[in-house]
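Two complexes, one shared chain (chain A), two partners (chain B, chain C).
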Partner chain A sequence: MKKEDTVKLISAEGFEFVIDKEAAMVSQTIRNMLTSPGSFAETQHGEVTFPEISTTILEKICQYFYWSLQYARGKETEFHIEPELTLELMMAANYLHT
Partner chain B sequence: MENECELVRMCIEAACESRESVDTWRRQRRSLERLPSHLADALLRRLHRRRLLFPALLEVFKYSVEVIDLRNENSVNEEWMAYIGAFRYLRSLNVSTCRRINNSALWALTGMTSLMELDLSRCTKVTDAGVKHLLSISTLQRLHISETGLTANGVALLSSLTNLSVLDLGGLPVTDQALSSLQVLTKLQYLDLWGTKISNKGATILQGFPKLSFLNLAWTNVTNVPYMSSLECLNLSNCSINDLLLEGDVGYKAPLAKLQFSGSTFVKEEETFLNIETSFLIYLDVSNSSLNRFCFLAHMESLEHLDLSSCMMGDDSVELVACIGAKLRDLNLSKTRVSSAGVGILAGHVPNLENLSLSLTAIDDVAISYISMMPSLRVIDLSKNNIKGLIQQVDTATNSLTALQSLRYLERLNLEQTQVRDAALRPLSNFQNLRHISLRSASLTDISLYQMSSLSILTNISIRDAVLTNLALDLFRPPATLKVLDLRGCWLLTEDVISLFCKRHPHIEVRHEFAHVFPVQNSCNGPSPSGISSRTSPLNKKPWKMPVSQSFVDQRLKYSKEDLLVLRYSPLSLAYPHDAEIVRTELQ
Partner chain C sequence: MSAPKKRTFQIEAFKHRVVVDPKYAEKTWKILEHAIHEIYNHNASGLSFEELYRNAYNMVLHKFGEKLYSGLVMTMTFHLKEICKSIEASQGGLFLEELNRKWADHNKALQMIRDILMYMDRTFIPSAHKTPVHELGLNLWRDVVIHSSKIQTRLQDTLLELVRRERSGEVINRGLMRNITKMLMDLGSCVYQDDFEKHFLEVSADFYRLESQEFIESCDCGEYLRKAERRLNEEMERVSHYLDPRSEAKITNVVEKEMIESHMQRLVHMENSGLVNMLVDDKYEDLKRMYCLFRRIPNGLVLIIDVMTSYIRDTGKHLVTDPEKLKDPVDFVQRLLDLKDKHDKIINLAFSNDKTFQNALNSSFEYFININSRSPEFISLFVDDKLRKGLRGVSEEEVELVLDKVMMLFRYLQEKDVFEKYYKQHLAKRLLSGKTVSDDAERSLIVKLKTECGYQFTSKLEGMFTDMKTSQDTMQGFYASLGAELGDGPTLAVQVLTTGSWPTQPNATCNLPAEILGICEKFRSYYLGTHTGRRLSWQTNMGTADLKATFGKGQKHELNVSTYQMCVLMLFNNADRLGYKEIEQATEIPTSDLKRCLQSLACVKGKNVLRKEPMSKDIAEDDAFVFNDKFTSKFFKVKIGTVVAQRESEPENQETRQRVEEDRKPQIEAAIVRIMKSRRVLDHNNIVAEVTKQLQSRFLPNPVVIKKRIESLIEREFLERDKVDRKMYRYLA
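Coming up: the complex of A and B.
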């Protein structure tokens, strides 16, 4: 994988998730960060830090990104959300416009 | 918003999956307190719709929710209100038609600091004493208390809520005197006074509200409405109208946008309309009124919605409608004397017409070819008239409905109780944008049902009172998009075939005397969604013949076994004589 094709998402605890740029673009917020011209540090380094999002939630978010891509391509599987994650995941998804 | 954020929607769905899933997150206090209000509102709405909401659960939303809508919810009582009263940021509360809300339930709302909107409509137990609890909520801007137990004295008390801009007093015994004590409410923009005791004397007081733009005086004894400079919407349905908005300053007239005169009688028909500035009028409803001449239409070029149903409108007056037809979007001519010739006059003059009703008129098949010349039509109601769908020529018959194929946007077609038979419906298969089709006739057979299969985006099919056979329903391949199949009155169908069809197509709601199991989209284990299930109750063998109100539901269905056990000992159950007996025996 070329470095330009991936992004690094960093959780509140400092965990790093390297995922395809295409997957990360499922989030409207990340898309804006990566595509807006100019000064965003995120654009240059391909790194985004989320001090508000815990590792567990960010992992789930990344899973969702890939599930969403597959779903869009016609693979109709279910995306299971554990009830204990719903509130935090909801808030993260809201922030990420996902 | 929710469409954009698919994952947010999925989270809300997962959170409201079952009572168990609620129990896993309801202790996450810190997350709940951080929840943005629009998410909290959506979560609460979903819980309510899934019937997972109970008073104690409300507590977790205390710091996040801004909007609560519990309308028509019979279980809402003092206990619910006690929790709601503690909501820190609540902006809007709708408990309309919550029959158990009484004065002491309202006590919980005393002193709320952020409440701006409150709807208590049809809470019949609320009286003047209840209103006193509301007076401390100085932030209130919109208050709906129509059809409650208030008297004129209670209404007069509202004068201390000086921030009110919307006030709905419909169906209350508001007197002229009570209205005059409300004159201090100078921010009022919307005032609903239908069915009150206001007289002409009270109506003059209305001039004192400088910002009033919406006024409803339907079903009152008011005959003279004074001039109000900012008035935009006026409803005088079922009134006897004498003088209307006689202008104060010469030359300036209020820019009215919406007028409703449904069922009104006019004393001075022609003068009345001369006094009104009608060039900005968008909405006019004169259905059922005493009007005989329609010259007043001449200057209403902005009109988009015109209801002339049950009027003395005939072909001779249609020309007047055609002249102002350029912007018309909705036109109701049902129960008028308009015939096919009249429809012909309209054709070509109504380029933007989307919704046309010609129910119960004297039109015949010739009208259909004229209708096909109205290019924007989406909804056509041709029910209850003499349309046959066939035009008999010398030796052949042509399908008149074929003409409607040119209407690219046609979504809904109503042909109920017409002379249309199977053969005449053949052109329907070419109506590719049709979503709703309504038919009702004893001369329709299986062939009509087959023809529906080819319409790929149909969502609603209604073939009532038809001679459909079991075999036809068995072989019927419904369009994938179909949601409702209404077969009421198809007497040949048997229970087995209908339940088999329901089983095979669980997403289609079948309406028939034998269909009692309807698909419940949001099925949940335990409590059942009562709102929808009024028709689904297994108790209603013949739901259409029983005088059951829409909100009826067997109370036992709403609660799980655990709930019922808890309820047995709650003090409220004393209200029920049966439960009271149990308690009494236990006391002994």
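Coming up: the complex of A and C.
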């Protein structure tokens, strides 16, 4: 994978997730971060740190990104969410505008 | 839990999260404010989007949205004021460039600010009914920068000055202009309109008013139109390059009004170069330009049509009433056709075949062709000329072309029945003398007449053709059955004509020579033998004969003469010298015909087989005629034409008119009866109107004549007047 096509998402604990830009852009917030005309630090380095999102949640979010892409392409499967993650996941979704 | 899927979740504020730091809001705002400053100072590269977004997000979540929003307004206003100062300070020509650059900067900054404040845009602004960030940025730019007292008028003036300079031929920076007008449009269409377009249109109107005044004094019509067209194109080009497309209609309207509409009358009537001159000189380019420009103006084309119509009417009227031009009917019709061709071409090339122009042309022709009551006769003569000799050696397509043109003139005629009358006469002469060039052309014309006027109109003409064909068959039969009996006497070719189909004149018989009389009688008995119950009468005034003659030195010639001339010449087989009276007595040819025929035998140079004593041009009652022994000719066959009046003389014309009037009477009566039969009761005016309508394909009946016919029908008890209302007529079955 080319570096330009990927983006590194870093959780509160410092855990790094490298995923496709395309997948990351499912989030409106991340999309803006990466496409805003001014050269913000995120655009320059291709990595975004989320000090308020835990690793578990960020992992789930990344899974969701890929699931969402597939869903949009017509593959209708269920996305399983563990009940204990629900609240935190929703807060993150609001934040990421997903 | 009855409908779990429809339930919408409301995310409650984070009640468990307590704001620890009371100065939290102030601190967070400082970070954001700093970031906005940095963005405006082109220093954004070090900033973390996530951090800023998170701060804005948290401020909104913690109900500091209002503070965030007002802070944003303040900070942005501050920066715009700075920008404003720097633009104001820019010198002369750099003003627009500076404005443009700052606008681009502001736009970019605005984009970034909107991105980091996205969460506020999404949640706080709709619920607090505030203006979204992007729009807020544009509004502030408009209020603070564009509408600042020092910039507003300067901007207008600069833009208008640039347009003025471009109009006078200078090259300006169109890209910059486009950016600036685009900015005004982005700020809202009313900003563009109020701050630029309105003034632009006013200034343009003034400019063109002055310029057109100057042009009209110094240019001729064609040149003026060229200039106006160029200006119009320039304006359209200007719009496409750097103005709002919606301005196009407005600015072209200004140009049209100032440059064309206000000077329309003057242009059209301009001396030596106006519309009439263009028409005369076939200035297709100029006419086309005038058409294209005037089409933009309401009533513009009407003006052109009016002037063109009156011009064509005048020319046409002059043509049809000029006694000089009436001398040669063929030339007269050719002139009409040329006139039509000329204007057809103009309408085709310059007026894009506009229907209204064609209609105007047609109505003009209809108007002036019918001014001259001899037009139908002349058109028929023209056809006669063409079908006799004019079409020899011409291809079929060209024949069709000529015939189509004639039909077009025919359509303009109101008195189509008069044409029919003459056409019949001319056709009869052509058929009987075997002069017609092409049978196909004759038939093609009849088909055209039929499609134009219906079966009735041509049935008699077609009857004439049938007669010719049957006569041929009859003659073949005659010679087949009697050929042996006839020996080597004169050969006879009879054309049996149906009475009614042919324009026969009252029977003017003459005494045929004995040799001819014999064979004529044989034919009569043969014909009546095969067709019982018919009557044959000889139309000696219409026939021709071929004679073999031997002259003084033994040279032989074949003379092609008319039946009358044949009768006269046959007398000279038994005598060398005859007086006029003697000839008249022997032949019993009507006086006028005899004179004409003697004239052609004795007075035409090169064809004078008779000598007249005394020599003079006219035939007198006491003249004597001698067989001309010394007659010579280069040709073996000599055709002796009768001196014929090609076009009708005045009394003949009168006579034909009278016949036409007579023929119309039964047609009008028939029309009245037809109408009354279906209507039963109708008032006078309506009858006249309906009769006119029914008959207009043939002729235009005179209301006075219609009235007379009605009276005649009342006398004969077809109709009666209503007892109460004397204007009403009643049909009596």
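The criterion applied here is as follows: the second predicted complex is superposed on the first by the 97 of 98 C-alpha atoms of A that agree within 3 Å, B and C clash if a C-alpha of one lies under 4 Å from a C-alpha of the other, contacts with A are read in each partner's own complex, and residues count from 1 in each chain.
The working rule: a residue touches a chain if its C-beta (ideal position, glycine included) is under 8 Å from a C-beta of that chain, and two chains touch if they have at least 3 such contacts.
Note that the structure is predicted; figures quoted are calculated from it, not measured.
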{"item": "Chain B versus chain C as contact partner of A:Ser68, first or second or both or neither", "value": "first"}
{"item": "Touching partner for A:Asp20 - first (chain B), second (chain C), both, neither", "value": "neither"}
{"item": "Which superposed partner A:Thr49 touches (first chain B, second chain C, both, neither)", "value": "second"}
{"item": "Chain B versus chain C as contact partner of A:Met33, first or second or both or neither", "value": "second"}
{"item": "Which superposed partner A:Asn94 touches (first chain B, second chain C, both, neither)", "value": "both"}
{"item": "First (chain B), second (chain C), both or neither touched by A:Glu59", "value": "neither"}
{"item": "First (chain B), second (chain C), both or neither touched by A:Phe79", "value": "first"}
{"item": "Chain B and chain C contact sites that coincide on chain A, given as residue numbers", "value": "28, 90-91, 94, 97"}
{"item": "Residues on chain B engaged by chain A in the complex (per definition of touch)", "value": "4-8, 10-12, 14-15, 17, 20-22, 24-25, 28, 31-32, 34-36, 39, 43"}
{"item": "Chain B contact footprint on chain A (complex, rising order)", "value": "28, 61, 64, 68, 79-84, 86-91, 93-94, 97-98"}
{"item": "Residues of chain C defined as touching chain A within the complex", "value": "9, 11, 14, 39, 44-50, 53-54, 57, 108-109, 111-112, 115-116, 118-119, 122"}
{"item": "Contacting residues of chain A [partner chain C, same complex]", "value": "28-29, 32-33, 36-44, 48-52, 90-91, 94-95, 97"}
